[in-house]
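Multiple structures are listed underneath, in structure tokens.
Next come two complexes built around chain A: one with chain B, the other with chain C.
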Partner chain A sequence: MDEVQSMDSLILSIKNIFHNSTDLVVREVSWKDGSALVCFYNTITESGEVNRQIEILRHRSIADLPDWGNTAASSVEAFSQSKLVENVTNGFVAIFFPYPNLLLTITMPSFETRSTQEPSNELVIRGKHEGFVESVDKNISLIRKSLGVPDLVVQDLRLGEDTNTKVTYVYIESIADPEVIKEVETRLEHIHASKIMGLGQIEDYLEDSVWTPFPQWLTTERPDRVVANILEGKVAVFMNHSPAALVAPVTFFSFYESPDDFNGRVLVGSFFRLLRIISFFIAVFLPAFYIALTGFHPEILPYELSKKVKLAVEFIPYRPMVEALIVELFIEVIREATIRLPAPIGPTIGIVGGLVIGDAIVNAGLVSNLMVIVVAMTAISSFVVPNVEMNTTVRILRFPFMLAASFFGFFGIAIGTLILFIHMMNQSSLNQPYLSPVIPFDPSRFKNVFFRLPYFKSRKQQQTFTHGAPKQKGGGKT
Partner chain B sequence: MKKLALISIACSFLLAGCWDERLYKEFTIVPLVGYDREEGELTGYHTYTTVSAPDMLSYSTVVGKGASVKEVGFDANRKIGETLDFSQLQVILVSEEMAKSNLLETFDVLFREPHNRLSSKLAVVEGEIASYMEKTEEMGLEAPDFYLKNLKTAAAHSIIPDINVNEASTRINDKGIDLFLPYIKMSESGEIPELAGVALFSNKVFSGHTLDDKESLIVNILAKQPGKFTVFSYEWKQGNKTYPITVEIARYTKKWNIHDNQIDANYKVKLSVEEFAHNHLNDEKTVKELEQFLSKEMTKDFNKVIKKLQEAKSDAVGFGRTVRAFHPHLWNEGKWQDTFAELDIEVKVKAKIAHSGILN
Partner chain C sequence: MKFMLSRNQFFLLLFIVQTGSSFFSFPAPFVNAAGRDAWLLFIVSAIFHYMLLLFYERNYDYFTMGPFVSWLYKGYWLFVVISYLAYVDYTLAVWGFPKTPQYIVIGILVTVSLYANLSRAETAINLPVLLIPLILAFLGFLQFAWGDVIWTNIFPIGQITGTEWWKGLLKGQTAFIGIELYLVFRSRVDIKQNIKGLPLFVYQMTWFLFFFFSVLLTIWYFTPTGVKLVPEPLLFLLRTQEVTFIERLDLFFLYIWTVWTIVTVTLVSFTALYVHRQHAKEKQVRDTIIWHVLLVVLPLFFLKKENVDYLNDLIIYVHLVFAIIIPVIVIFINRRKRK
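So, the complex of A and B:
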């Protein structure tokens, strides 16, 4: 900046940098040795608080304290235009002293955030009832609240040329695998996008394989879940203005764990975890099994049941596959609609859709009542997974199985299962095997997958993965 | 190599396909069949389900004729315009005439087709089979359910052997043991079929001899294949009064001593008393007397049954299996059924009262 420039033209040129936004405040304030320019957005900074901070700084400068500009909330550095822009856009207050050519920054953004509430899609009965909010600082504070250790490392970086989004990753230095951290860093640094809009976009970049239905990063809005996971050596990735965290490396079984397991009693926790894993199989295989049964292998039915099935299917005009698709479509439509419906009428439509039409569709003879039971049971089972991503995955997975069952019967289901498991075995999350304690088999952690074991029994530091060589391309030992 | 694997996987899909599809609504369940044979021609009675209205399952019977079981089925199919599905077959009734030929050869199709059920029950009926197939008012249940429930209950009470098609086939093929099947008769009023005992087979075919229900109970005990409840009743005379005593066999052991031309079969039976109005089972003397009485009566009854088996040349107990295994010279004397009929078999039962109920 030229000294010749008057304050007025300086104000104009700064306003020009921000394209004359009306919410930008650029004011001249008098200081001990002359004037200074205060520059901030009044929409994301409290003006009254700015005044108070400036008053404190002014007193300090009059008292002639050494380093009067450096306080807990402010810092002084050499002026540069890019610094000015960065600070102001992030909601800081920039005070520019033209004569020493210094830039004083007061950190005091006041973005609107909601208070921490329990995330509505990850409810628990026992345990913490708080959730992340749309501010990365608050989210980190929620984690620091539970983890008072110096080992907890928080690193951030800015992504997206247009959006300039802050992405933060958190891990515990002494537990996390350095290779995993390195991998996350590399992948984050290689994101070259002009806009970073949401966490799902970052997840795409971070995933090992985008085309699989299985999520490789655990998305959660619960601080206790993130804390438990990073204590097992995982890394959590936050994005500013997003109320969720991505956790990796995870296994398939991580998606079936809920904080409820660990807060409840040992037997109860184990029972419900087993129940969830069983529900995975019900959700994927039950409709396919029923289709194969009524289309190919009725002989395996017990005699008493065979009479009931016979009664149910006798007057249905469609083959079992079409019948199943009608009910599946119907349930998916109700589910999709109830998400968008306003809260007061949501349950009403659910009842009308589910009960009234469900009953009418059976009475009209379009589908059999057994098929309604099968599909309803499947839909409920798919919602047992304590994670939204895995829930959608499970719901998608059953369609290829239904198709296979309607073409080839049990043979089709067997082939489909084979392909599914081969696919799952080939998946990895941050280069770690996806089915980890089962394949590759690790007896010491195997039982932890299916049972919630008592706390005092585990003596070893829990780590999600035993270290091994990174996955070779084209399959092979992991 | 990879390409080859892919192609072979793709081709494996062609091994099965929609042409294997059997839509359940296009079939009709056949839970009960009855077969009769007259002059080489097979007549089959099939009880099949019809769904006349939603929630209404009823049964009808269709008759088919032909040379084989399969042909009989096709003949019946043609008459009702629906495909009969034998995969839910629960009970197969065969006439005495039919049982006199090798059943295994007749029912070859049951083993040859993968859909067919080998756990169906087999029974021999007396006289015309047609009358057994229709539901009578006294039955209360539909005919298939009636037979199924009766056969199951009777097997639980050890009156008949719990034999299905699969076990019958092993017995028919085994030279050391003979088949015996439930024997069903029309009641005297001609209204309701009754379980009359068992039909004894001799060397793969029906011998023409039958045992009544008490005797068949004893065969089941001799063969050590009792059902859940095995109950005997005798009348015990004390002075000039008689008391009925009902005992249930709790546990028992058998020991066969086989010599040349003689078999000593010893059975040690532990009984629990179910009914005994005379009471005083705490008195050792009474118990001793009772045990002696029961041993005598049972030995008598058991020997009687053995005589009948020998008359029918039917080794339903399965002495032949032990003889074949440990006494080859006896086994090799000739056809086992003939040898068995001539053998001197003596059964000894030693009864012991182990439980006397909660009264004492």
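So, the complex of A and C:
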């Protein structure tokens, strides 16, 4: 648009840039020294407010105020087509002055967002009952509401050539490890995708390893959880139009912490945290243990119990592995169906599937009642994890262990456990060891993993990854 | 391969390698050789063990391996790992998998070591941490035997003959196997962390009490004739314990011992490959795979009872060469060179 053109042809060419969308408004307005073109989408901008802002700016222009275009809500820059497109698509109002070739931008997007609600997958008993929404600005405001500190840094970037998605990362400058921040920035800048559709896609790019079942970024919809984590020196990544944040670096044990631990009594919080960690072992190993017991080592049980187990499985036509697979898959199907169905029908399916079919399947002699108990306990244990990502991981992990137990009994479980731990030791989150502070052993943080300690005992700032401390990449030192 | 060890990592690694496979197999031959006074003899052995550690600590700087010595040690560690694998596979065949082809069981055992050794160095180094709760559980369950022991079994004291002294001291060397790793990894320990003095003494006492407890328990629980009939007295002892929630404790601990042995095999393999990489820096993955293929193939030739016993007897003499004779020669030569 360097050449001098008539206003009508300019309007046409701007409309062409936006492919004649019906919600695009391009109008000529008169200004002090000639005409200008106002351009915005009326679906993501408040039209009434546009007129008010233009009127304010027009008066400033007539009054010949120096720098009249730069206000709290507007700015002036040299015109370029890419700037025009970027501003308009982000919900801003662009005013184009053809003859000085300037572009005035008024920041006033108005996207529809829901009000904050407690996230249904991260409920707490005590504590805040608010959650993130699908607007990154609102989410940052929730963080700032809890953290009135000047060194809370918020940085933005745009990703995806086609989607132009706003991604924001947040950290506390004085606490976060500069190397970790640099790493996040580098990884974000190296995302070259035409479309950014969801936070899961960004997570793929940010993870140290995508081929592991273990999540290396904590996904949460709770502002209090994000605040607690960034106060430990971590970084949180938000994406526009996503109600969740990604937090890293995290350890395996981070997934077993809940805001309720810190809102309740010291002993109660510690007890439930320990219970959650124990539930990991129950969820992963219990079905495999049962298969090994019934298939390989029935003699390990005391005689009375062993007799009951034998009676229970005596008339079952399938091997314990097949029996376990039937019930496990059945439970997974019920769970999946309960999520996908409309809310009023979901619980009904749970009752019909869990109680009616469960009872019928035992009466029909397809599986033993002991197996139903084992699988039900396993399912409940896997749901104890206060994080959906880790929950799915735990549910998947039990299948290889069941297979190993069906082939080799306890020997298979022992080998599987070794392989699992070696795999976990190989993992890292933003280059920080995944099993820290257990492996490598850090006595100063070790107790915090298993116990919720009293606040008055914490004499210094809790820092998961200390700023300026010697790095222990990959667990070099214990 | 660049890594640094903390003091805890160093001692834990050494402890696991020294106790690894031999812990279950150590008490019976030792008590058989030394008789009722085996516990006294073990105190003497422990003093020798401590002196050896002090000697290592004083001279580890001089223990540098050239390619020839390095190959000798790689051969020795290959032999150690083969004997461990043959022993654990034989035991598993007797207790758990009489019909499973043994190459499958060995293959599975070695796969774990291969996976750990193809991972970063820190993974293999930190692997012993996994055993800490298992060792504590093992020691905890052994406490159930207190009610059945006969304290007076150690009397009369001082009946040991000259031949028994000699045989016992030799058999006691089984508990020393792996001590040479001290020389290999000592220089990798963080220089800010002190080893000399109290830390080394604490390690010595941990090692001593661990084996001494197993020897005493064996003497207290079994008669001298009885111990001759039981190849793994600690497993048998666990077998006889009655707890309300479990009938066969021994089966549990058989698999815990298996895990213990696999970790030992992994650590010894890690040591051999680490020493190998000092002189052969290229094609590390290929070499790691070749090493583990050897670990699967070679034990298959020693899976019979008599072969396993033969290896267990032979390893003591080979160990003396690699834990005492060669280190002394290498240290002596290097000391002279540096003067």
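As a working rule, the second predicted complex is superposed on the first by the 461 of 478 C-alpha atoms of A that agree within 3 Å, B and C clash if a C-alpha of one lies under 4 Å from a C-alpha of the other, contacts with A are read in each partner's own complex, and residues count from 1 in each chain.
Rule of thumb we're sticking to: a residue touches a chain if its C-beta (ideal position, glycine included) is under 8 Å from a C-beta of that chain, and two chains touch if they have at least 3 such contacts.
Keep in mind that what you see is a predicted model, and the values were worked out from it rather than measured.
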Judging by the criteria at the top, classify the pair chain B and chain C on chain A as clash or fit.
clash
Touched partner set for A:306, first chain B, second chain C, both or neither
both
Touching A:411 in the superposition: chain B (first), chain C (second), both, neither?
both
Once the shared chain is lined up, is A:178 touching chain B (first), chain C (second), both, or neither of them?
neither
First (chain B), second (chain C), both or neither: which does A:365 touch?
first
Greater residue coverage of chain A in the superposed arrangement, chain B or chain C:
C
Just to be sure I read the superposition right, which of the two partners does A:48 touch: chain B = first, chain C = second, or both, or neither?
neither
Go through the superposed model and pick first if A:295 touches only chain B, second if only chain C, both, or neither.
first
Which partner does A:148 reach: the first (chain B), the second (chain C), both, or neither?
neither
Regarding the shared-chain residue A:315, is it in contact with chain B (first), chain C (second), both, or neither?
first
Clash-wise, after the superposition, say which stretch of chain C runs into chain B: 217-225, 289-297 or 307-315.
289-297
Which residues form the common part of the chain A surface touched by chain B and by chain C?
296-297, 299, 301, 303, 306, 408-409, 411, 415
Interface residues, chain B side, partner chain A - complex:
12-13, 15-18, 20-25, 27, 29, 31, 49, 51, 54-55, 57, 85, 87-88, 90, 115-117, 148
Along chain A, where are the residues that touch chain B in the complex?
294-299, 301, 303, 306-307, 309-311, 313-316, 319-320, 365, 407-409, 411, 415
Please give the residue numbers of chain A that touch chain C in the complex, ascending.
296-297, 299-303, 306, 408-411, 413-415, 417-419, 421-422, 425-426, 433, 438-441, 474-478
Residues of chain C that touch chain A when the two form their complex
3-6, 8-9, 12, 92, 96-97, 105, 108-109, 111-112, 115-116, 119-120, 122-123, 126-127, 129-130, 190, 244-248, 251-252, 255-256, 258-259, 262-263
